[in-house]
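Below is the structure I would like to discuss, written out as structure tokens.
Chain nomenclature is as follows: A, B, C and D, assigned in order of appearance, with residue numbering initiated at 1 for each chain independently.
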């Protein structure tokens, strides 16, 4: 096995990772029932709770965003693999409240199946929960049916606005509507340069030639159809931002959030260079970048590449984006 | 001798099927590397482990309960698409039978059908979409055909396994329209679907388990 | 050139990176005179200012930590190369105040030379500034003379405690003494698995065999003398933490800060697994981990590996560590 | 013809030296890859660029000012250890001469000595530490020897260049005790020091600039 990683028994990866994470940030989060990461100090039961689910191996996502003003809990599966419905319903029971739960699911087959099953069980048990599906990948085309569009890093700023709305005491319908507004005005495009190694199988999750890159790569190295020769940072940025701006239909005078999310091995230096070019392009259209993030939020192990994310923001969303938060990997004073 | 199968018989089938799947872990992950994210072997190994683990610690000796517990355990494996799909197969089987079920060939096939029906509630995939449905549908059709023409359970399992293997092979020429493989579109053609393959191993394992039992 | 990175003209790397960084976080930092990153809202002149200098290519370090409660400014050189004294004295002039400036320099030849020259000029100009040198690398041995011990990621938590002390209105001598206390009770050890590519020369900055790792690697791939076969995460962690605990002479009942700083390509998953093992070992000695950080703070492009950092904390330092901060890459509510 | 050198002459020497260094950019980085961080070529290229750039835009026609500006520009290149070391060499040269300097061989050598003295204030490195000091010390000694024995500036530059080259080569067998190369200890033996090499190119370039001037 040619894999060079700091791991022990590959079967214990997720357990060890969650133990490490929750103990490193024991002032903010706690591990409940093996696979559920919860806020250390739960929010008041009168407020809507925010729940998500997803595979591990994308750190700091998703559990890195459990905390005041963001998620109340995340249910973690195995590496790149959704958790089963039983754990999800367990988390729903823990969060159960009259105010209700907003349940954020990223559009990946396994996540959606577990999510749907858990929703069915919740209904039977009388748990008040509404599900929202993120599907902002525009690689298959922005007009492509929802089931073809993956949920990528956009979930994370979505947790932020929904979490802030919940923290502000809004009702489940209100929080849902805010999240849906964000959801319907966001778009992501990923680009890959170098593969990651699956930490359990030891295999590279895709291959790219020495001079190739791929725009439209999925979250786990699922190849898309956008292979091309390596482009410069500026060319890559402009190619991606053009499509993203079209997808969210932003126009002169609009305000956007712009995020560059590193896949793992791509440096922040590169991300800033790309960010710079994308922002310049956007400003050239008379669109204002009013909130930005550059860093690793949702990674794919040590894959080389990044996701570029755009969301149109109105004043309500912008305010929620800047509202206080205290998750291990997203803190706002 | 009455051609019936009950708790002990099903346990034998499932144990053999689980071992069959476990033995093909790496092969299945390799198939998934070509069209998906390379983890189907790991995923379905955990499901197989859930089957044998649940059998090992079952005290109920009640087939309905055993199948429900297997379904729940399979669902709990945190294995992407595989856990809900396999999990609901067993849940559906459990829900369709009575507590003290002793099944003749027709009843056995009905139980399998109920499992597949429940599994299919998770997905809109049809035959031709390059998924495990391409294995399940012909396998169940063969089982039903055997039962309706009065064949033995052994013969039905054999017909089912043959159809399952053919079904899995048929995915090779298909273009994926479901699951992760859909993302690579045309490039999926020429690769056998991993989920269809693991599902065919389940049927082959059950057949062999019955024969060697 | 086999380098696969999102860059444009390699000569413009630092300029583009700083433009991107300061524009992404324009609510917190600003770029002054090309290479000086300053707080957007300067702190009151009655308080001690905190200044640092260093090469680029280690993002988010060092400029990622300019902000309220941390650095007032950082002077940036080129990739892996210290800025020259002229820029440093310029920054000192900008920060000049009666309360004084604490100037943090990492022990690398170029940084120290530029730092010393700038100090000499400052003296001639009557600028009140005190210099502190970080040198917490224990690869050459914890007792090795200071000039042999490199300044690694330990500067970043040092900025935190010194910055918090300055923000609290302490005098230059007090801030200096607090920083020195931290400085004299900290230790770092780095391990490398995979080389980075120098983004200007396109060359790998070192080579390691397929099954080799190196404990004691420097910040720019300067090889040390600790090559060995790949070890498991737990073995690596225990080997490193043992030396670190000895170096800081922590004993039963002591409190420490424990940081795992990713080099670039090593995943947070791995870092959490390593953190877990290190913490377990420390707890076994009856030492308490009272503050933790796991993430990328000072990277070396896409190098595979991490730095493990330990600092003994007393109550004063612990309080400063948890004090509010608002830098782009270190925020405390 | 008086054996003197002034503004125009020094400009000629420095231009040639800068070109020499620029032409060896990749070679110098390669040397630095073996023992350091692989950027000395880039670093010293920038210093060379600072030299030619400052010369190009100099209006003073005053050697003292020119050398000071070169020193400041070299220091401003953000090139790790190289900018302060090269920068202070020129600063030291400037500080040692009068505004309207026209230098005979001895005065020229004194100016060079002053530069080296200032450079050495940055570092405790001595001969044998595998740094640019291993080039500078023998080069300056040769210059001084030539001047003291009444040789011409041309001859002094030629002696200095020869000694510089030999000094740089001598670093090959040394174990580094300064700079980044120190970190690899014994493994530095067998590699020529990049800074010693670039410094020898400066002396060779000056010699050639004088000869071809």
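To be clear about the criterion, a residue touches a chain if its C-beta (ideal position, glycine included) is under 8 Å from a C-beta of that chain, and two chains touch if they have at least 3 such contacts.
The shown structure was predicted, so the numbers you read here are calculated from the model rather than taken from an experiment.
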| item | value |
| --- | --- |
| Those chains which touch subunit D and also touch subunit C | none |
| Approximate Å spacing (C-alpha centroids) for the pair subunit A, subunit D | 54 |
| Distance between the centres, which are taken as Cα means, of subunit B and subunit A, whole angstrom | 33 |
| Mean-CA-position distance for subunit C and subunit A (Å) | 28 |
| Chain-level touch network, classified as line, ring, star, complete or other | line |
| Every chain pair in contact, whichever chains are involved | A-B, A-C, C-D |
| Residue ranges of subunit B in contact with subunit A within the complex | 29-30, 33, 36-39, 41-43, 46, 72, 74-85, 87-88, 122-123, 178-185, 187 |
| Complex contacts: residues of subunit C adjacent to subunit D | 14, 35, 55, 76-87, 108-110, 113-114, 116-117, 139-140, 148, 150, 198, 200-201, 203, 205, 218, 220-225 |
| Interface residues, subunit C side, partner subunit A - complex | 2, 4-8, 13, 16-21, 23-25, 56-57, 59-60, 64, 193-194, 199, 210, 213, 230, 232-234, 236-237, 264-276, 279, 292-296, 299, 301-302, 304, 306, 324, 326, 329, 331-333 |
